Amino acid sequence: MAKVLKLNKGAEQCLLELLRFLLERGKVKGVFTFSKVGESGGVAYSLITDPAALEAALPLFPLMPVDAAKVLSRLTLVEPAAEPIAAVVRPCELRALTELIKRSQGSLDNLLLISSTCGGVYPLETGVNGNIGEKLPGYWEAVKKGEIAADIRPACAACEHFVPYNADITLALIGNKDLDKQCLIQLNTDKAEQFTDGLAGELSQGEAKSEVVDSLRAKRQARKQELLDEFGVEDSDIQKVFEKCIVCRNCNKVCPVCYCKVCFFDSGGDEHDQRYYETEMGKKGYAPVLPAPTFYQLVRLFHVSISCIGCGLCGDVCPVNIPLWAVALKTGGAVQNAFDYLPGRDLDEGLPVTTFKPEEFAATVD
Amino acid sequence: MAKRLGVYVCECGTNIADKVDIDKVLAAVSALKDVEVADRYKLLCSGDGQGYLKQSITENGLTHLVVAACSPKQHETTFMKVCEQAGLNPYLFQLVNIREQCAWVTPDGEEATDKAIRQIRAAISRVHYHTALEKKGMECNPDVLVIGGGIAGIKASQILAAPDRKVYLVEKTASLGGKTKRFSKLFVNMESGPGLIAGEIERLQKSKNIEVLTESEAEQILGFLGNFEVKVVSKAEDKEDKEQNFNVGAVVLATGFELFDAKGLPQYGYGTLDDVYTSLDFEEMNLADGPTQGKVLLKNGQPPKSAAIIHCVGRAEKGYCSKVCCLYSFKFDRMLQSQLPGVKIAHFYSDLCIPGKANQKFYEDTRESGVEFVRSAVTEIAGGDKGLTVKYETETGAKGDLAVDMVILLPAMETSSDARKFAEMLNIPQDDKGFLAEEHQLLSPVASAVEGVFVIGCARGPQSIAESIVQAEAAAGKILSALVPGRKLELEVKTSQILESFCTGCKTCIEVCPYGAITFDEDRRISVVNEVLCHGCGNCAAACPSGAARLKHFTFPQIYQELKEVLR
Amino acid sequence: MTDKKENAPVLVIGAGIAGIEASLLLANSGRKVYLIEKTSYIGGNVIKFEEVFPNMDCATCMIAPKQQELLADENIELLTLSQVEAVSGAAGDFSVKIKQKAGYIDLVNCIGCSACFDPCPVEVDNEFEEGLTKRKAVYIPCAGALPNVPVIDTENCLRFKGQDCQACQEACAFEAIDFNQQDKELELKVGAIVVATGFSMFDINKTSQYGYKKLGGVYSAMEIERICASNGPTQGQITLQSGEAPKSVAIINCVGREEKGYCSSVCCMAALKLCHFLKNKLPELKITQFYSDLCIPGKAYQQFYQKVKESGVDFIRAEVTGVSESAKELAVKYKTDEGKENTLAADMVILNPALEPGADSAKLAGMLNIPQSREGFFSEKEPDLTPVATAQDGIFIAGCAQGPKDIAETIAEAEATAGRILSRSG
Amino acid sequence: MAPDDKGALFPAEGGVRERVIAFLQKAISQGCFDAVLMPAKAPGTDSFAYSLIGDGQLLKNAYPLPPVMSVQGAKAISSLTRSGKGKKKIAALIRPCELRATVELFKLGQVDLENIWLISIDCPGALPLAEWAKDPKKAEDAFAEILKGGPSESIRPICQICDKFSTTGAEDLHIGVPGKEASGILLIPNSPKGEAILDCLGIAAGEDISGWKDQVDKLTGARVEKKRQAQKELEAKSKGLDKLLDTFSKCINCHNCMRVCPICYCRQCFFESDNMQFSFEDYLKRAEAAGGLRLPPDTLLFHIGRMLHMSLSCVSCGACEDACPTAIPVAQVFSLVGNRNQEAFDYIPGRSRDEPPPLRVYQEEEFEEVEQSHAAVPAKQEARDG
Amino acid sequence: MGEGFTPRIVGFLCNWCSYAGADLAGAAKLEIPASLSVIRVMCSGRVDPVLVATALLQGADGVLIAGCHPGDCHYREGNYYARRRFALLKKTLETLGLDTERLMLAWVSASEGQRFGEVANQFAGQIMELGPNPMKTKISL
């Protein structure tokens, strides 16, 4: 049974207080959180070690320019964290991190994982244009009420896994009507209890539950279907979907579960010599020359869909606005259902591709 | 396996200990990652110190070693040997120079201590990223290819040949002896050129270990020190071409010289006026088997009564002094005087170049014999009914004429036309005069820029016979020293390497390698380092944008580890 | 030949560049080499130069890696402060008696920290610096000298003069100073001998007309080499005794050529090198060269001459008849080929002397039983055919011991001696 | 730099596209080359992909000047030839910046030009990729107007300051687009290969092209001035550490600028390699030194590092800016740095196939201003001990 | 010393000339600023500009690259390439408006112990005047 710590402060303030407490008490060496960087309004994840620098932290800022899982993987790839670090991440990032850890792409040692029920984030473009500030009041109203905030990324609007798995600490945001005044910190693990020991607040047993969460999940599931229909991923020709793709492969670069050191498409694996193209041209009178977008996208889906956590970054960075998040969501959903696998749910849940059962999938063979 | 580092600080008597607070250093570094032991010692380079270090490495089961002491120039090899003796790969070791570059140059003890800590921390960080490197040896072929059968090539072959070392002597023409066999007399001692050559050829022929290939040319030479593949084609006039392929470990180029073409300077009248000769023409004339059976005669069959010797023909055009012309001109004086008593000889010259201990006497004797020396520039050789007129102008601008029967031009020496061919075949740089360039003009005068290829005699510049022979022996010395039959060639350990999967084949590394040590594998479209030729400078590593080229022991991560610590 | 003979050790006399090069090649082939050197350091004359012609290579940079390689080579046994006392036997089986002077420094203990210099109360002229600086009685000739081991000069050390001084011993933390050391006699068995004893400079004091050592501002070329050297007495600052930089320099070539009776081959280039160096350091400096014949053989030398000439150096073909002092400057009197007399004012005069055989050449030639040329250099067996061999089988000569020559020729000869010794063709 | 002032007029009707296609069709039908590599719409789509077209009829889908540069043409030629050349003679029709990048890749061993005929064409610029992605049809129409000589404010900022939009000198054949009144296109040969095309077509390069040239020169002059102005403004906005950080503050380290850059030819970018993989401790120490560390870190190092690697060859094609998901003016900054560096090395990327890349060669006497000379060191320091 | 600023200067010295020169400065007991830390490389040609940029961006107050004089390179020509790469780096940083005074390329031979001292002191002085590298404290780098 988890414990819940209640602080009479706004959610963001409360989280900042927790982080400051951890840093100042020396319980952690650093805090990984979203923050203002520089003097000019840039925002990014930061590793903050000086409590004074927490002034700039924006742990709940609804923007996700990179996936924290990718960053945390990079931080701990060579060696695990030698000192405790508190990391504030979103539920989908946490799932991605779990998937990466399953593949030895980092370590959870010494990480105190702090997450929250998530209202989603705005598109990268909105962040770049800098008008998120205006949208924030509406955003938090929606979170309180358990609604889908206007203008958040479609991937978020369609996300049903907005309650974190595997977090040491969960902030209950969705459905908390008093978000501006008080905050519930759910301590999921012993580690969480140890780290928060000494933090002033009202401690109780139980879970910070809300029916609003379930209703939001339902709303999002419905929205997901709508969006998939709207973007035409459901029935349309896959070639048509990828038509504009310039194969810049930024979707793979930002994808948190694309972890290869050298991507297949950088290894020369897909290269052909001129004669190949000449032969191809001979068949139809013409031959496209660069790696075919469809081929690339299919290989990518094949590689990542089992672990796709639907974070939506691929769609966010696509320079030609292909709704890649929708494709990923659909394919990922289908593949994961087939294997009865939910990526990032449980660190101990083995990867479907590394195990098999003799009797399964008999139907897929003629 | 977990790393276990040992960090040892040498007190160097008082040299380090007086300035650097070693205990403070030890306290600062002993808690660093994987540091198993951190200790001080009075003098680590001493016998006792080395023994202590060895024992400490073994007892503590150390996997990496950091020693803070003096400059690596002083004792890096000493401590690397200690590592070897203790069974630790010597490249898992880093020496920190806290004497020359810290204790001795930092007046303030506290600052020195801080600096020492920083530098040692950097070494500790770095050594984590060291990898064990192994010394490699390569089988090599001791045989030698000598190109050019002149005196230099002959001498090189003689001295190199041995029961366990075969020499291939390849000569383009039908006979050995080069230019020397065409010199009836040699300065300073006036011995016979053909005689000298005959003796040498006889010695050569006695050797069972020299294969002489006349009327032959090397068409292809591929490879590197210790392992060249050679294709020689023999083209005897009355026989079918014969191709021969063999391997050698080294190549000696002795392609000789040619004379500057005096026809290029019409004012001297060479080729247009009778009785204007070049030095080689005059040598021919003096040969018993020459056109005049060794007699010095004018075109009209009469012996000349007077002769003018014109120095430095083509010197201005070529831009260098040919070194031996002054000396052999005094030989010409004697050759003329011995055949034609009373002959009047005048030298026209600007500067006499007669280096060497015995040569001034040779000159003085000439001068005393009545030969005239006119320091002036010859502006024209004019023809006429009664013979030739040398028109000249002295340094002060005075003009004069001298009528003579015969004129001998001393043209500059040029490298032979073969030099270019071999320069291209072997990728040896030529200097702006066309001569084959040395690896280092002073320090390595007979080696070329390509390891294993040597250049001797006039191929690398005008030389006397004695100098050519010295160079032949020198090339032999270098080869005999490096390629010992049955011994492997020891290779540089800290070479570059190209990581195959990251190389895109842009060849930048190939272009910037000063040693031609990187080649391109056309099939795999990647660069490949030849460890025999790589000297480990790291220029390729700095030039490769993707980091595919890496210099062992000086990789980016290794240097970075040092960097971040010294900046802290 | 017996195998023993073929692999017999080699004795190399003289650790200048010739001796170093020959030793390295022989050692690399697997031969044991004894390299003996009469001074306490290796590198000979070349390490005194800042830069060398024609590429103005930094001499130290060029030689240092070779020196280090030599000191690290396990096949080479370096004996400093050593000289040959007697030689017997024949090729393949020489027996050589060596006398090694005591340096009074324990080589095992000394780490070359130089702590002993300061306390030494004696100050004498530093020969290595041509007497331009002082050194102590315990000293190394210059910073960076290798091997980095000091030596006690018994002629000047107070203790060896009977006084009770042990200042250096007290300063040494390593007990490396051992006054009880004795000169050593060694008997070496060697198969071949390389004589690489180098050259000396003609003693300018034998001339009087140039005012050497009498007039301030008159220097020998070697003194100027040291003044130019960044590790020399002035750290490479070109100054007159007044401390000011010279404004005009006259270089007088062929000093001693007539006395010696030969052209020393390298002096013209050495003079040009000085011009190049001085012009680089002091672009406004007016330089005049007095010469009779320019001897600049070698493919790259004329180009160097032209470059120097273009940099604004005057060349006067004339005989210098005297140097005298006039007002603040020096007056160089000269006579041209045509007999015209003239005077040039300069505030610095550089005398460029002939090269001559090393002082001990005659003694060594006697011991080795090899002839000397009439100029005093060691003679080759046959000047044309065997330029590095001597009349004695198994004894070879390399470098300026045979006659004046430049570095490239010296190295080539050193390599040639190795070629001859390592050759198995007889 | 420009070829001889002579070219041939290839008579054709219609817009630029139609005229060029007519030329290509004729050249293919006469066997001047076997196929063309150029952007074309795949049947039934709105997108442009580099395609190898051997069937003259299919050239009707081709776009010599598509409204956007979705893929840099040099990359396409590299894809085609890098792994081994073929047997066919292929004409690659690309924009001048693509051509210059191709020449740079040629020097870097990333393309094989033996069987490739490089044809460039006067370029009016391209539209931002994002504009096109929003509404391809609208973009295509807008661009059609630009091709006809309409207002060009909507082309990419980097194209607006491009002063190398016409012949570069390194192509085999350049297609000059003369004024509206002309009835065809100019074919300006610049190599034996280019001349062979004219021979094959049976037309002589006798046309006086000075009118076209004047028009090019005039625009070039205007562009040079505009670039100067724009770079000045850019410098005011982004020069100096703080402004630079500001400019790149939105960078999400996705490296997409590198991915699409034609000059970035490395298999694995140095900045993605294990050389740039640091330990946790390292990151933490860096954070502690400044109080915090932005993550992912080293974004500025990445950009500066990339400039060090590719700026001498940067052809200012703008692909990076098109691909940047956070709208950083990366092409403009890189172009500025590229221009300055190229000036310093007296190097114009893509100007000549024979000019070696600057970092592969050196001269013994150069750049002495960057070294600390003897003279610059002030009076010597006294040895401490005397 | 100004306001307690202790610079961190890194010197990449080539093994054959400049490192030997620095050793010689040591043997002569010259004073070298303690702020200069030396990293030995085999040749100045090994120092790639990315390495120098890394040093600067990670807060080095100064970066010195020293190698053999032109023409004296132990590896024939590494220093010429080093100079080109340095020129590129300098120009790039200059165009971006970053401090190029924090960089120095100097030629120091094996016999120039004195000169090494002069170069080191001059550079350290220059860095003292410039003050701390502002990049040191930028979280946003």
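Some notes on this structure:
The chains carry the letters A, B, C, D and E, assigned in the order they are written, with residues numbered from 1 in each.
Please note the rule applied: contacts are C-beta pairs under 8 Å (C-beta built on N, C-alpha and C of every residue); 3 or more make two chains touch, one makes a residue touch a chain.
Computed from a prediction, not measured in an experiment: that's the story for all the values here.
Chains making contact with chain C as well as with chain D: B, E. The minimum number of touch steps linking chain B to chain D comes to 1. Farthest from chain C in terms of Cα centroid separation is A.
When chain centres are taken as C-alpha averages, the shortest distance to the whole-protein C-alpha average belongs to E. When chain centres are defined as mean Cα coordinates, A lies farthest from chain B. Taking A-D and A-E together, the chain pair joined by more C-beta contacts is A-D.
Taking each chain's centre as the mean of its C-alpha atoms, chain C lies 35 Å from chain E. Centre-to-centre separation between chain B and chain C, using Cα means, comes to 23 Å.
A straight line joining the Cα centres of chain A and chain B is 64 Å long. Shared interface positions of chain D, i.e. residues touching 2 or more other chains, are given as 83, 245, 249, 267-268, 270, 274, 278, 281, 286, 289, 291-294, 309, 359, 374, 380, 384-385. Residue positions 55, 57, 62, 148, 235 of chain C each touch two or more of the other chains.
Those residues of chain E in touch with two or more other chains are numbered 20, 27-31, 50, 54, 58-59, 71, 74, 77, 81, 85, 114-115, 117, 138-140. Residue ranges on chain A touching chain D, taken from their complex, read 29-30, 32, 35, 37-42, 44-50, 52-53, 56, 65-66, 70-71, 74-83, 85, 124-125, 127-128, 240, 243-244, 246-250, 253-254, 261-262, 266-268, 271-275, 277-278, 280-282, 285-291, 316-321. Chain contact summary for the complex, chain D toward chain E: residues 235, 238-241, 243-245, 249, 270, 286, 289-294, 297-301, 304-305, 307-309, 311-312, 333, 336-337, 340-341, 344-345, 358-359, 362-367, 370-372, 374, 377-378, 380-381, 383-385. Residue ranges of chain B in contact with chain E, taken from their complex: 71-73, 97, 99-102, 104-108, 111-112, 114-115, 118-119, 122, 449, 494, 512, 514-515, 535-539, 541-543, 551, 554, 556, 559-560, 562-564, 566-568. Listed in rising order, the residues of chain A touching chain E in the complex are 35, 37-38, 42, 44, 46, 48, 53, 56. Contact residues on chain E toward chain A in their complex (touch as defined above): 138-140.
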